[in-house]
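Below you'll find a set of structures to go through.
One chain, subunit A, links the two complexes that follow: it is found with subunit B in the first and with subunit C in the second.
What follows is the complex of A and B.
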């Protein structure tokens, strides 16, 4: 475990509350360790490589002298370079609180109770690891009834030529009543395709009454990196959370979304796509808890897997006894492009209430030979025909993104 | 002077263990319209698929030359680029791919093969819309995914539209008339006739005479049990309609 848990000196050590969180994180991670196949939640995705590598926690000295990748749409920008917030590269909106998380912990103790409020560290070893180093990350606070029209993009740009960086990030996002925003997370790398690094993100999202968050993410990490993200979403009545995550990079990657629909009328739509031709494992894990009546959740995830790659989808819908008249749907589909490609799917429904609508489905298949021939018979080259069919396969999920500019960007990224 | 565009010589082909094409011979010259008529299951679609290079068929002997070149070694896309087009008996649905996108890729692939520049997207869409009108396929239908939610007749009209846009040198129309009501039949027939310019060749496959009343062929062949059992002029189609195929099947 020497690689991941190190003795480092971090800001804020004079704050007992922070020390306690870090101590507990360290303790839990020491006890759980890197999950193995024996851990039910990590049966298909095996991050064991993380045990072998020596990691160095990202520090401000690991600065990156790269230009920021261009975004295809107009956006505010919160930049992390090699795991460290860089205010100089960031473009922040007026009238919205965007602060380094550590500043909030130090100077606004009233927000501390939000941190790890819904996360049971024992269930999430990497969230425990994340807490052990709690420091980097941002706090985004949107006031009641404020609508941020322009998207807010968190850009994570990593290069790491020399060391195996551990980028440990914890973001806290709070939308007060009726606030609305679009959040984009873009994880990308510079230069070396073979960089090894580990991005470990925890996003805690609180949506107060009637708040509306659209959350888009593109995970395009270097091919030997690891990416583990936990999104923990807490929704009050009539809050709306719409998410789309495209995963296309990294060696081992998991995007896990845990939604708590705590009050009546809360709504969540968790969509996603993953595309991989190499040898990676791309994992999408969800856990939607319907805790109040009349709550709604929809999930649609589609994957395209070739080479020796593996897709994993674990989707759970939990409906608590009180949560009558709720609706939960889930669909996972995968297109397998080679004989060695693999998809593991684990849907789970736990229904403790009456009068609910709940459905789940999964399907996987290969590219349709008749469709391919039809296109080729019109002169379209086989490679191009395959490409068109793959794009078409993902189109129904990508087209659910309402913002056309963002949809085009994701469509392009998925190619 | 006649120039052969397609020369099929003593072709034998199978699907799995089943021999379907058995000693098929046919030469089509530039500008000629041939019709092949035959009962269900005779192997007409098998022949068209083999001519277009559909995987899954095994040619065991014989040869096919297209414009003098060995056709059987070419990939389906090469054949299309060389100028072959097949209007399929059962057009395929392609969810997520709009007709315009599909056709644009096809037209540009063929243009690229000929060393021509790609078409401008706006010009292209305008052109497809204009052509679409001829086949009573409006702008809304052309925006939809290929064949998805199209009725049987609309699918056939879309095949004809594709032919009109791709302007092949040689078109095979496999049961282009099946499932069409009389109005749609006329639309498709007009489309075919408008492409008939004395240089373009066609092979019309059908088991009814119906379409041949509107698109009058130069030659009619009766096809049964994997090969041509009788050839003649357009009057042969009428004879077939009266007598049925049984007679010819006995003749072989």
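What follows is the complex of A and C.
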């Protein structure tokens, strides 16, 4: 048993450049440590508990193949169990390259430049930690002009009761020109899971010219676990990235999305919702960098927070010099249901070009008593009326999901 | 070939108030040590409690480091290379305007705010004129004294009303608050003190004109305003400074205590030397301003027009402790050339039914950078708190930057918080509309900018509003094209 940084033997140690990535990751994390409230980016979310826990690094074992949850929609499936890729439970599409990351590292070194290409490890301590153990994860490569109709689901399933697993996952997703796909990430657990496992995911997404990716995520981790994810999206001209993330589990959770709109016409829509009644901290952080003219981004995040829980939203729109004719909008709204709930918001605009249209908004409040009264006076029970109002509150953002089947699945998950 | 004559671009050098008055200053050696603080304190004949408070602040300051979180970049300040005390040398304390140093009065004449004229203007404005660090003339004192209002320099207040000063000094901004506030607590030389007794409505607007004059003198002003139950006061603070090359440090503190049912309106026009068009020179302005609405139904309103200084670091704040208390913040900040401003407000809601409103308008031009940084905090006990914030930014030219960093922390479900921010440029349609009606480009821009700021400007007292509108035009001159 040990802390977050352990000496373990990982596959691929004979590859010098891989060792260099791991060494640098370790070095940076050693220097930064677990962020505290003094780190501006972690002002409101305090993962300090991670420092005190003992972790066991998730390593391949034979007793995989636990029963995995069924999905409510038809989908290809990439399955991770207790932090390890399980090909036997996976259903992979034809004509699409889906490989374990370590295989790509060993046999396709031409893709090595994609790893951490846009991630400054000093800025993302947990991505540095992730690099220190770079091994597990998948590589998804969709060829030019290929459209995958069925969604591709990455299922992360944890059922390890006894140990605090440390799951480091690093996925590389590459969509060539004009390719199009739907990617779903579903983090779930089985049984009464009380271990404080830690899922640390880094997704690096590369969208070449005109590529189109819809990325949906549901984070439903066990109530004592920790979940930290970084999505780093690199978009070429006219690429489209649409994301939706629902967070409803874990003790400390952060879903961070960093989008680089590198060429003209790139578009990003980052939506999300979070629902929590326990004592967790659910954090949604975005950083959209408009680096070229005529780029567009939209963000809408809504949260419902009760119990002793805390919702955090940090959204940033950055417009680089000369990135004119850009448009960036951002809106965060939160509903507080209890006296002990808390929401902390930091929407940020950083603008270095004049011909732009940018706005952000933030609002928070409680359920409207008048609306409740209206419904109760018409014979709807208070509990039911509250439920309806909360559903309606979230519907606003969930209805932005174009795929009806996925939308209704997420709607169900949000209840 | 004929010789090409270079025509200097004057656009960056429009600082109209750049002159140094030649009067004798009394300074003590450069640098900051406990001995210097003892010397300042002794020169001012301060009581023992104040000296020990200063020394405690100094001790604490030595453990602090300069904050670096603001989006500002400036040359490191050598705090040992500054003079911490400079007072205009005079033979005796003047009792009326006639006794004041003539060259001093001329300085004010050049500024367009002659004391004499204001005296003639009968009861409109009382000026506690601050020249460098010591109050040299206080007018209308007797008129105010009739109502029991105390309006004097803080040094005088320390001597004459020690119990009031001791009770409130540092109670809103403790010396442990931040690096600059701590420095100020250790070395402040003068400032204004206002006390409005119970139930009194101050019959005139109180005003202080700050000026920085002696070369290389950091100016550490300290203002303390106490509005007792049911009172009202409107306070104006205006700033201009002579032009010079070395950066000047200014770290002031304004503390306001608002008791039950009282209201304070604090307006600032800040037009210190912003440096030349390449960013050379200019004032460093690190100010801590905070008001505590201690009593129920109290109200504080901050209005500021910030056009000057090379670097501005300023967050006038409201601590809303009393039930039903109200905090307001109206701000226009204009940066041009190489100016940098990181400014905003803090609204801390503690009492029930507290309301706050933030209207911030930022205009960046040239190569300047500007940040709105604000905090709205609703503590768990602040039932039915209400906040509305609006931050709009206008960009003029493609080399400037405008940033918005609001922090919103809500820990009470009954709170209603709304925040909006937009960033845009002057639209071509607006410009075309004006120009097609024969209005020149520069004038059109100033019209549009004044319209953009109107919401804030209307909260300024009349004579200030006129000066501020002029300042906006001067500040933006040369930003077109």
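Just so we're on the same page, the second predicted complex is superposed on the first by the 408 of 415 C-alpha atoms of A that agree within 3 Å, B and C clash if a C-alpha of one lies under 4 Å from a C-alpha of the other, contacts with A are read in each partner's own complex, and residues count from 1 in each chain.
Operating definition for what follows: a residue touches a chain if its C-beta (ideal position, glycine included) is under 8 Å from a C-beta of that chain, and two chains touch if they have at least 3 such contacts.
Predicted, not measured: the structure shown is a model, and the values here were computed from it.
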| item | value |
| --- | --- |
| More subunit A residues in contact - subunit B or subunit C | C |
| First, second, both or neither for A:363, with subunit B first and subunit C second | second |
| Subunit B versus subunit C as contact partner of A:377, first or second or both or neither | first |
| Touched partner set for A:344, first subunit B, second subunit C, both or neither | second |
| Contacts of A:392 with subunit B and subunit C, given as first, second, both or neither | first |
| Overlap of subunit C and subunit B interfaces on subunit A (superposed complexes) | none |
| Contact footprint of subunit A on subunit B as seen in their complex | 52-56, 75-77, 79-81, 85-86, 88, 91-92, 94-97, 101-103, 105-107, 109-110, 113, 145-146, 162, 166 |
| Residue ranges of subunit A in contact with subunit C within the complex | 40, 44, 321-322, 324, 334, 336-366 |
| Subunit A-facing residues of subunit C, complex | 69, 380, 393, 395-425 |
| Subunit A residues touching subunit B - in the complex, by the definition given at the top | 369-371, 373-382, 384-385, 388-389, 391-396 |
